[in-house]
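Chains: A, B, C, D, E and F, in written order; residue numbering restarts at 1 for each.
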């Protein structure tokens, strides 16, 4: 695979790992006093475990898993609303596979489907649009979920629906943005973070400037990174070198895909279709100002919140998180999944308490699936 | 988050709806190319793009890719040199 | 049976399931005219000298097949139903002898489709050297089944002294697969059409009975084998590790994978280790018989892509680990449910 | 298996069919914990001395069960699936030994229902003296199956020298049924609810293995037997007449019928001779052994309503005729499709 | 069964059969020169074969099977219309089981169901009404089929729907009447008929007077009969005695159920809901004046012909009957089923050419099922 | 045509909709009794009616039924007498 295989070369990795080790030693990072680098993006978390990078890098580097898994940060109340919409008899509820197993208060979408709701997994909002065209007598609702990477596709789908005058298509918009929660984390006096790996695919859309505040206001280094293992290692090295040099900059490791100013078409579509909500609730982080998007009134016909009178705008919804779960703390990198009292006990992939255990990008899922936890237990 | 995969645009399928066929390792799917339409749609054929949820979200810059690989290669060579140096030094110091 | 054809419907109706003459006509003119069972009784009466040998055991296995679509590149539900059950017998060391085949048919199913499925079952049965000796058909109303379900049950004989099973795996034993992984799962994902992906992939669906006999002949101490169907290679290995009480380590760079399968996995965020196969087995043999087993596999078309992929260890019992191409190591756990296409 | 329960879902989801851990949990905690097969391999390995006896033959039969509703007065799909296959073995003179059971489960099916079905299979298997030795589960999407389908395959042994089959019927042989006709068919018709009929009827669903052995013991020259399932007594007799190349005559006044079954037939314009049974067989014995066979049946609860209903004749080969209660005679043909409720 | 079993007593039958034989001898009826008695009703045809009455009665009596099977007399075009309505995606087509296997030009309803049409068998129009109540988003159409016995039930169902204001229920009305075709048969110079067995359940609704014209205008005896074998035999005796005595009267054998003037509630409901069509097409008999009913304009909302623009009123529809079939002649008693060149060859219950072969009341079906034909062939 | 079966009305189920429960040999179904409602609906309980397509179409007249059976019985007796006579005559004529 062009643009992928080259960035998985183990020989090149050896060199980068050696450089990382050298720089880490230079700045005195040790297992006891590690450098804390947060990979914001769940995709990066996934790659770290898939390639075993956490065990390959110098022991003085500790990855802190950030809140960049759009499924994991969704409060249970949002999942409950999905289920409610999906259970309406006229609705065909479409969603990415990622959201299927996320537990709601009563049930997950997977369970709602088993109970009879018409729920279909799609690969693209375009597939949901096509379903709407083919089923004019049904209400096709698309679960709009994700950060800035995914947001343009939903916006473009809504614009397309409007052009075609489709009346039975709407989006349940739960799109969120990356910079605001990062700011919230940086404002948290309990967090110890020495640098960041920035989400490359978000920057493909919004560019690198939205992270300027990290370097400028908080004096932390950040490298916007691709998703192949060499991309990640190179970014770690960039961050370490910034630390060593006393710099705090926004560097772009992923220049083959990320333009400095992002993608103008995507940005225009987002600006056309969405506006910021005053605030939005994040699991583990609480309400964060201006961190969520909603559909503009001019596109109200495509807004499932308007159509069905549910969702964030419909008013507060107090849904208690499951007892004893530490999802919020794991989500924000305060503790490792294994430190959650429920990990592997009350909470397993078969019967999850939190989305983190079933999302493919969830830290708990990664620890479970790739043995982050059990590998440590087993005798090697 | 946001699984994205490099794919090559191999054909235009619907100019009006801005749809083209992208190929990833022999697997083909129709994708929307609105976000990368910085030229006549037909001229996209042959380009590599980053595909996400059925949309070509960015064109992949071959030069930048080469530069990144170059930097990694340099690192490798530097490292080899370093290791050779260290090995030489150790040999000099009599440590096998 | 030279009487004129009585089955003139082009699609199956509920009448064909009613236990009357329409059902008989369907059975006669679609099923028994091809399978040619010995008698008209609703049970097969069978004899095979191998079963009477002292120490021989009878092996029995069953599977229901529910694939969508019913026909796909490289096979159809009938081929699957024969190969799947033949393979479940073969990987346990049994020589497949007889199959039963039970059909649940949705009202409205095309008779021509049934004929194609039956022909393909007949062909696979001949290739595998088994006979389809008894069967059943049921017709259910529209919407009460998804076209056609086929359940096959196989009976075979395990020759005296042959003991093949995961409990016999010893540390150091070598794991060999007979070919590329995930072709069936990827083919079906594409063939369903709802992800709008197109490929030139074909299912690997094939019978493995002759291959297993060749492996056992070449590696007489063959320990265990399993066909890596639902849940893929990862699930087969996990089950074996658990049953054996041993660890298994595989090498990512040694796994035979087709480019298109890798591509589809990248697009959908899937792991090829969990994709279904229908003609792929993993076999454990003692280290000193590994090359012989590998050569025996490669000498047959079903094993032309065979590769050594790993070995059993006395560390981390019950766990499967993979050395990644990148130099790391990770646990290859069993999946929880099915793999879902994902975007993040 | 003392580990804590892991299956906490109340309904089956697609995850339970994915080949991963959820599937394993479902299989462990619903199926194998009850059926307790010998090993974890996907094939049963079996031995029975009776099979090795010179002249013994192996009998094999299969049926898919697709009943709606899944539970009904007198039984459920699981009981049906065990009895039906045990009976198909028994009526051919085989002693049932082992069953396989394959389950196709619709997404959304209640786990509690599965547990009840499995318990009822286990109970029937014990009563019949057979073991459920291997199985399979598949989960299909909502609307792709009607709740639950069960396919059982049975293997049994036909003792040396025992030859039971319709071809052995001779003119003058006597036809005996073990009890009332049509209870199952009428019960299911009422239980479906769409005709809004209510009755106190119960399905006759029961295993007939022990009854058959008793009949054969009492009437050593028992010629043939058949369970009168789909298509009812009329279809069973027609098949036997055809296979034997003889005529069969039955006497309407001798047919054991329950009042409610007659009532339902009158209301819906149906003929009880075509209603399905699930625990009713018809056996042909030589005339001089008929009373012994009848007495042997009546001595067992499954045969308490036994009656001689007719005989084989060398006239009108292949046809079944009935002397009507009114003194006439008519052909009892096979149905074409299923019987449809009618108003004219 | 009260009121049934008593009328099936073989001992009583013996006496009636003897009396029939005596009277038949008296009037000189022989196999070569038999008395021709038409049982108008298909239910009577069915009972004759079920109880073997044709073989029990004196050989000088020949039953002529009349056109009283509502399924059999329907031209293929009507079945085609049923299929067309049933194939509309919004329609749930409900019908008595009797009509399911009747062949249309392209397919039967059974085949249309297999091809995907939503077709359900019901026992009563009330069940169709209930389906309409439970499926407000579907159009439930009931196939109104039958003679005067069945017509009131459909009328009462329509009245009930109107009372409830159900908007998704309609009836595809193909109800027909008995007296008119009888008159047509009597006007046919080729028919030789010496007397009639009248359909008891039709008279239960319309009484016995509608048959007065048979006795009065055509001087033929008729006995309105019940459906048990003794009812039928007694009616045969009544007809024979009338012939012997030179009488031509309308006698009522079935007085326990048939009131002289019929059922006033039924008659009122029919008069309220239906009006006569100027004429209606019968298979084998062609157009017969005033022999069919249609729904009055005031109930047009419940008329499937109006709702879907199909049916008899929509204009003539030339559908050729299958080649070589003799359905019309068998239907009108001109020939026996076995005389049809297709009987048992091109036409069997598995693959019927005519409704007569698959309706439970069809003469061909009765000959086939009860061996009327094959019994003669087989050596006895 | 027109399958009709005698059933006994055993309970009223819905007075407004004129529905009652009819029983035929132990099989029960709700039927509409509009056509036989010549009295308060409750008074129908115990009556026998002719049931067709879910409607009670006529009440069965027990007297008329008895009369018909009587006629049949008379016929039987007449026939027996006749046969006895014939038998006697035959015996007289010496035909065994």
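In this section, a residue touches a chain if its C-beta (ideal position, glycine included) is under 8 Å from a C-beta of that chain, and two chains touch if they have at least 3 such contacts.
Quantities reported herein were computed from a predicted structural model and do not represent experimental measurements.
Among the remaining chains, those touching subunit A and also subunit B are C.
With steps allowed only between chains in touch, the distance from subunit A over to subunit C comes to 1. Each chain's centre was taken as the mean of its CA atoms, and the one lying most distant from subunit A is F.
Interface subunit C/subunit D: over half of the residue numbers present appear on both copies, so the contact uses mostly the same residues. Distance between Cα centroids is largest for the pairing of subunit C with F.
The rotation that brings the Cα trace of subunit A onto that of subunit E spans 180°, given to the nearest 5.
Looking at contacts between chains, the pair that accounts for the most C-beta pairs is C-D. Between subunit B and subunit F the centroid-to-centroid distance comes to 90 Å (mean Cα coordinates, whole Å). Spacing of subunit C relative to subunit E, judged by their CA centroids, is 56 angstrom. Here the CA centre of subunit E is 22 Å from the CA centre of subunit F. In subunit E, the residues that reach two or more other chains under the touch definition are 1, 4, 14, 42-43, 69-70, 96, 101, 110, 123, 127, 146, 150, 349-350, 361. Looking at subunit B, residues 1-3, 5, 24-25, 29, 52-53 sit in touch with two or more other chains. Contact with two or more other chains is made by residues 13-15, 21-22, 195-196, 259, 262-263, 266, 269, 336-337, 342-344 of subunit D.
By the definition given earlier, chain contacts exist for A-B, A-C, A-D, B-C, C-D, C-E, D-E, D-F, E-F. Subunit D makes touch with subunit C in their complex at residues 13-24, 39-48, 51-52, 54, 57-66, 68, 88-89, 91-92, 94, 98, 100-104, 133-136, 138, 140-141, 143-146, 149, 151, 153, 155, 158, 165-166, 226, 229-232, 235, 239, 243, 274, 276, 334-339. Residues 1, 4, 8, 10, 13-14, 42-43, 49-53, 55-56, 69-71, 96-98, 100-101, 110, 120-123, 127, 146, 150, 229, 349-350, 358-361, 368-371, 374-375, 378-380 of subunit A are the ones that touch subunit C when the two sit in their complex. Residues 194-196, 259, 262-263, 266, 268-269, 315-316, 319, 321, 324-331, 333, 336-337, 340-344 of subunit D touch subunit E in their complex.
For subunit A in complex with subunit B, the residues that touch the partner chain are 1-4, 6-7, 11-12, 14-16, 18-19, 41-43, 68-70, 96, 123-127, 146-147, 149-150, 152-153, 156, 160, 199, 201-202, 204-205, 227, 230-231, 234, 237, 253, 255-259, 263, 265-266, 269, 361.
The residues of subunit E lying in touch with subunit C in their complex are 101, 110-111, 113-116, 348-351.
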